[in-house]
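Shared between the two complexes below is subunit A, which has subunit B as its partner in the first and subunit C in the second.
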Partner chain A sequence: MSSFKREKKEEEDGGGNPFQNIEKTTVLQEARTFNETPVNPRKCTHILTKILYLLNQGEQFGSTEATEAFFAMTKLFQSKDVILRRMVYLGIKELSSIADDVIIVTSSLTKDMTGKEDLYRAAAIRALCSITDSTMLQAIERYMKQAIVDRNPAVSSAALVSSLHMTKIAGDVVKRWVNEAQEAVNSDNIMVQYHALGVLYHIRKSDRLAVTKLVAKLTRMSLKSPYAVCMLIRITAKLLEEEGDSGSSNNHLFEFIDSCLRHKSEMVTYEAAHAIVNLKRTSSRELAPAISILQLFCSSPKPTLRFAAVRTLNQVAISHPAAVTACNIDLENLISDSNRSIATLAITTLLKTGGESSVERLMKQISMFVSEISDEFKVVVVQAIRALALKFPRKHSVLMNFLSAMLREEGGFDYKASIADTIITIIEDNPDAKETGLAHLCEFIEDCEHTSLAVRILHLLGKEGPRTKQPSRYIRFIYNRVLLEDPRFRAGAVSAMAQFGATCPDLLENIQVLLTRCQMDPDDEVRDRATYYSNILSRQDKSLYNNYIIEPMKISISALERSLQEYIQGDTEESFDIKSIPVVSPLAAEEIQTTAQKTDGMLSSTGPSKPVQASREENYIKELSNVPELQQLGPLFKSSDVVELTESETEFVVRCIKHSYTKHLVLQFNCTNTLSDLLLENVRVQVDPSEGYNIVKEIPCPKLPYNETGTSYIILQFPNDLSQSVGTFGAVLKFIAKDCDPTTGIPDTDEGYGDEYILEDLEVTPSDQIQRVSKVNWTAAWDEATEANNYSMMNIVFSLSSVSTLEEAIKNVVQYLGLQAAEHSDKVPEGKTVHTLLLAGVFRGGADILAQAKLVLSDTVTMELTVKATEESVAELIVFAIE
Partner chain B sequence: MDGHLLEPTLYTVKGIAILDNDGNRILAKYYDKNVFPTTKEQRTFEKNLFNKTHRANAEIIMLDGLTCVYRSNVDLFFYVMGSSHENELILMSVLNSLYDSVSQILRKNVEKRAVLESLDIVMLAMDEICDGGIIIDADSSSVMSRVALRTDDIPLGEQTVAQVTNAIHSLFW
Partner chain C sequence: MGLLSILRKLRSSPEKELRLLLLGLDNAGKTTILKMLAAEDINHITPTAGFNIKSVIADGFKLNVWDIGGQRKIRPYWKNYFENTDILIYVVDSADKKRLEETGIELYELLGDEKLQAIPLLVYANKQDLPNSLPASDLAQALGLPTIKDRAWQIQSCVAIQGTGVKEGMEWACKTIKKK
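And now, the complex of A and B:
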């Protein structure tokens, strides 16, 4: 029966699809018919359609094949058939990127473009622009200008759209058409107006003043086209966002967007509401009308409108949860929406806005609906639950039960991983939930087909398990894995067990027995790990445990890989020094996480997954390796954040990055020239370093044309006395300026004049010289440092008068010192007035730093800071710097 | 909030596709080189998109970082894709114009066989609706006047008043 069905279907398809089973070679053969005279329009159109169909299906055409087809096609200009001619234009556009010598049709197209047949003209312009390069553009410039202001809207639109495409290859030529575009904005045709505005904005967008003028003029004249109004709203919103707050003109701009809420087109009202809720400056009062528009959309019969409204409300819920509460009833109606995207968005929005009391009710509603939706949406729901758990820590038991029920259900890897992630986050954030969370995870790995996920959970068990009340119960779960699973799994389990052995002395004996058994394992890696751990554990040495079991390696893996490769290629006489590898900061990992979380609550808008980012230092190493002078300084220790030394809208924009090496400080200045009539040469930043610093070398930037960014460097030697290494540097930008023609960038004369530009002062802080290190078990390291005799200790008490909360104090201290908070001690439980902050880091040159800050909140914050460091001067520096 | 303010640009549409009822491509164009640069990625996306949309007639979906609005009829599926922050209503207006244009070309007989028979005109219409990601025209009657479809091919009932008066004009004067 089924085979009969298929046959019938194939028959239908074959009969119905004249394009089935056509082959490239046959079609290209047929294309020779184009050369016949007189042209047979019907036949040729059909063949041309076949070629275009093949191209559209993704068939690859070789350059010769394409060129042959292209040249055959040019013969078709003889025919007067309208459809055929239009198909030829399409063919030209499609083949222009593959075929050679396409400019051959320029004259034919120019003729059509300026001819009488209106049906040809618009399409000919667009075809012509697809084959034109920047040199040819000069030749057709005159026609383009005329076309832009043509009375026929199709022609005018075509010319405007094409000129926008052309800005990519010849921006400066298109800039000269600004007057024509200006005229086209006044057109009666809605599309022409829209396209003209797009072109006009594109030409002027780098010139703020011009954009402001444009907006001021257009907001007054009330555009006809809803598309153009949407565009204008976007421009206005961008302007508002860049200008920040204050300024009376801003109010005028905001009023314009606000007035668009009452536009008759839904497209425009939505665009305006979207802009208002996304503007940073919007106050909750100003938000209200926009929200009510969205609320109205929520009950629209059109799914697209409902979707748009809920998606936007979902975004607002993050920043202004209170404002969205008004829509809660509408949102609850949407939970049962037939479009699952809408339902999911509605529920996640509710989770964000809902109070603590409604959590249970909502969870019940979700559990009814969660089985019906696809994995992608489940992930969104899980992310919303994570946010909820962080917001209402007291509700963890409800949420945890829900998550574990979800874990037991069928689902793909991404879904399971996001649940496990959420449980892990809750555990880390909320000590009360730890035991239940771990128990759920243990249960999960009993029956988990995703190895990578299970290994992660094993790692977590190894980290958290030993510090629970009853560590021994987890060992059974872990050892079960060794008996049952594949090698990767077993290796992970062995490492986790070793953690227990190292942390819980009373379990050590049992762990040793288990590890001995693992040494019989058939897999190499598992045996190696078991032997390694068993040996270390048998030494009974606390510091060995700390360095080789509990604390993971802190060096950058990619840097290690590169250094080892270099080492193998070079002279291997000397042994490899692992100290030369830069320490990786935990911050980099966090950065990756935050970028990943940005998409939170948005519907799986992940797109194709991006490769793991290299750390900040990694990126700079590549850039710095181009400068030979910097090669002798040794490995890069740390690169700072980018510091702005100018306002962002001045004539020259200078940004500084401070790179620390073991003995040297390299200042990298990225300078941008924003003056179109100046060419800068020999650009350098002259710094006035504080006492003790020595300038070793300056590397100026030889040439800096308009709108480009050049880099100059200064190499300084750190002072021998560490206490002098913290200070403020004066900075002046010096250069030789030459006047030049703004359009070509060629200087008018060879004679330039020296000039300078005062920059803001640059500060060097301890954080520039310290790399963050994350300690899993900070207390163990601290105790070890107390016992060891190579640590020196410094102590200081002082009050932080400028801050009024513990969170703020912690943020300031962490930022200024550049140390990493350990054991989640940077989070203060609510309502506490006393807190201990645990910090760790490493100084350039390799001295370890541990610090403990006891904070007490009265009216101001008082802090007792104890620093332990392997070098006395380092400890002194930190204490000195914080004063 | 990490400001999803939209960049003011005319490049609105990331792609347009017409698929048949097995999810195979009849026509598809992608306008952004960063979105599915290879045919293979495009095909995978289309398969994925089709699987998620052919049963639920829900009009809009988010997939692979794109907002996709869609519409179907008999054995045809029409899709318009834009960035995930794009104004959905603008995308919808493009979709409607695509669908209405095709419907007029095929004289309301919107099905696969008819599309393939008039593939040349459908291609021209798609080209008139969107060029390189910029919406050229979102009004189907205006699109129809721009593709080379001769007026006498359209039955009287579906012509716009302007077209009819023009036709009469040319008859008598």
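And now, the complex of A and C:
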């Protein structure tokens, strides 16, 4: 006891950490004490603490030493000391992932979790689940079920939370515990109820109908636990978001969330308000009560509530500016809040909603305390500034100066990256700010410790620099990098310089001199790049410049890598054909961003979304490679978006994906059977193609049981006459149906009957045959196409009667043709009535396409479309198709 | 502090602790013997996935009995529990003639281990109530026990589910330790 007191006192004196100087080898040596009989609980507890401390500090244990320590630890089970036993449970959990053969304690833990000593039971469950794998889970299933419905709340909670963890390794087994979880939801204990709801939701979350039922049931019975209510609000909000406006139960769901605004727990009212303001569908009338809750919290004496409220207001400031403006006075008061995090959020919220006149005043206030807040909040400030710069382009100089001052300060990577991002966005959005922005970035890379960031900036300089008034001034900054930095910097700098050489003829000579120097570089990559660029630049050929320096590679890098590896292993007699690599569309990157944003504000249990690394085509190639018939068609050129051929809630769900090959079109039909009493066989979609198409082969799906998705394919040959390749196909789902027992899925008889189901028509558009290509310097490519003689040109003027704004017209054209807008030409400056859209793409077979659409807005939109393509028929098709 | 130490001295000196290792093939009856020793209910015994420990007081000794599962996949872990063992108890299912050779091989592997050198060996010839079980003397011959010269050994016939013979074995164990 006295020693404990002393330690505590030392801690207060700042006397330091008693575990500071312990060493792994010594501790492991000490762990041998565990083998002694009788066990000395005090001593062993202390040693175990040291082991846990080391593990927590990130010390790496090898699997042999961990196993040895683990087995020594198992000897401690002979002691009845409660504290020691609980330390052993912790030790088991920590070592379970490192040590081998941890299942040896299964029996002992099972005994403890079912035993009389309540102090052991919950912890034993947690430890047991950490050592159990999916094969062993069956053996303890009975005990887990019992524990879930145990009267002791700690035991029940532990079992529920452990079940939640087990779903990752054995989801099917945990699904069988649904009845027990259901019972636990009725528990009086707030934590048990919360955890039980978590498990129930997790078991059902993939089945939307089941979730709807769960929510409907729980919203009627009033849950006792505020935590569970919060969770239910999140589930409900997610359901509302997914259903959109279509669901009929929507109002009921929304009413539930709305009623939670009047709950007696602050946590619940906050959660409800948060959910309502984040819902896309919320109308301003529905919003008002939620905002007034947040407003109330803004003046709460509890900092957590103030923080939560202001953070939520901050997040929705852009989507609901009017509602947030109503809280302006409260937010103004929070600027002087002693909690800097709250102050930061308040000020950035004001920035988002405020008028142009208040910008300077607020910026001054921020600069007073920006050095006192953490990086995370600095990022929030930076994001607010970005929004501000987009809103008030005229204020760019104030904001830019502020950003560059922040850039010079100390800060972590995320912080610096967000500043650089913001500057880049401002540059791209606002041509007036370009030169100053680039100057700030140049200054920044002079002293930048983050390689990836500096390389990005170098890339940007290479892209934007040559088109400024005085390109030569940037070269000094870039070349400085070559002299000073590590190889990655230098390689980036070499590429950037080459951009200048390719774009500015008067600088070419100087660039060549610099590149020659770089060829002496000690690093391979730098030398290779310098040689490569120097060679191309010496040819004095514009089209070479465009294809190999200015424009980035338009093929999928991961696919290229894979194909090259295959090529090396196979027969290298034939030369490698780069056309076999799928062209990657620049859209992929945008998709990643939108999915990343979507996950924000959703249920925490959904976890972070997996990064999409491969392109869409890449993913399909893996799927399609299982079908031997498709292998002889050559490389996959493009896969379309998924097209729904049925309403979402019908007996059969059919989705179609159109895959274009050089000469063939493959239709992939993903069919889902939603009837539990039918087994479908020989499932295929019969299409009635438009004229000119030939059906080469149909590949039906042999068997489609309830709730499964099967795939059938149709291979068609594209018409020789390109103008026929655009058309509408009729589609009918055909199958042999067999009645079956809904519970077992076994058909009642062997005899089935043929049946069919009419699907919606399928359209084949030019975009299915065109892959987007991102052109950095579209104008250069256009000029080059005018000079070159292998391009044919088509021109057409017509009126788009169905649209009333330029944005809408642009959206339709881009979507229908499947071309990529270049140089940000898909953004129309506000108030303009004339706009030029620049497009680029590549047709199946490899013909390059450039298109220019001049749009004029009067009552309707009139468009003059000029298409240049390396094949005349392609240009014709596009002009013909848009008519 | 002073009072506490006086109180400690007043308490009688604790009984000597012994470590007993209970091994044998699966389904030999190890856990049943353990539960019998601790006078616990033996109606719900499942195959041991890992180990059980019980402390029993007998003859002025505190016996810590370690019962380690006998399934093939757990046998490799036996060696982790050899250290500081005072008595090795090996349980044999006398009626399981098919696996007599297997149990012998496992036993000799144990006897050959360095950590178990010279540790007294007690063999329980369990399940004597079954009709075609081998008597203890035959089992001793079959296992080649008489050739063991480097340690004290004893074979004890028993019927674990009735508790007959278990106590006698333990008495031998305590006596052997006292002699040392």
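What we mean here is this: the second predicted complex is superposed on the first by the 562 of 883 C-alpha atoms of A that agree within 3 Å, B and C clash if a C-alpha of one lies under 4 Å from a C-alpha of the other, contacts with A are read in each partner's own complex, and residues count from 1 in each chain.
Assume a residue touches a chain if its C-beta (ideal position, glycine included) is under 8 Å from a C-beta of that chain, and two chains touch if they have at least 3 such contacts.
Bear in mind that the values here come from a model prediction, so they are computed numbers and not experimental data.
Residue contacts after overlaying the shared chain place A:Val105 against subunit C, while subunit B stays out of touching range. Contact with neither subunit B nor subunit C is seen for A:Gly62 once the two complexes are overlaid on the shared chain.
With both structures placed on the common chain, the touch criterion links A:Pro505 to neither subunit B nor subunit C. Touch criterion met: A:Lys280 reaches subunit B, while subunit C stays clear of it.
Note on subunit A: of its two partners subunit C and subunit B, the one contacting more of its residues is B. Of the two partner chains placed by the overlay, only subunit C lies in contact with A:Phe77; subunit B stays clear of it.
In the superposition on chain A, A:Pro431 makes contact with neither subunit B nor subunit C.
By the document's definition of touching, of the two partners only subunit C reaches A:Asn35; subunit B does not.
In the superposition on chain A, contact is made by A:Arg126 with subunit B only, not with subunit C. Annotation: subunit A has no residue touching subunit B in one complex and subunit C in the other.
For subunit C in complex with subunit A, the touching residues are 1, 14, 17-19, 48-53, 55, 62, 64, 66, 69, 74, 76-77, 80-81, 83-84.
Residue ranges on subunit B touching subunit A, taken from their complex, read 1-10, 25, 27-29, 39, 41-43, 52, 56, 58-66, 69, 84, 87-90, 92-93, 112-113, 116-117, 119-121, 123-124, 127, 131-132, 134-139, 142, 146-148, 150.
The touching residues of subunit A, counted against subunit B in their complex, run 16-19, 45-46, 48-49, 52-53, 56-58, 82-83, 85-87, 90, 93, 119, 122-123, 126, 154, 157-158, 161-162, 164-165, 191, 194-195, 198-199, 201-202, 205, 227, 230-231, 234-235, 237-238, 241, 266-267, 270-271, 274-275, 278-280, 302-305, 307-308, 311, 315, 318-319, 338-341, 374, 598, 602-608.
Those residues of subunit A that touch subunit C in the shared complex are 2, 35-38, 71, 74-75, 77-78, 101, 103-111, 136, 139.
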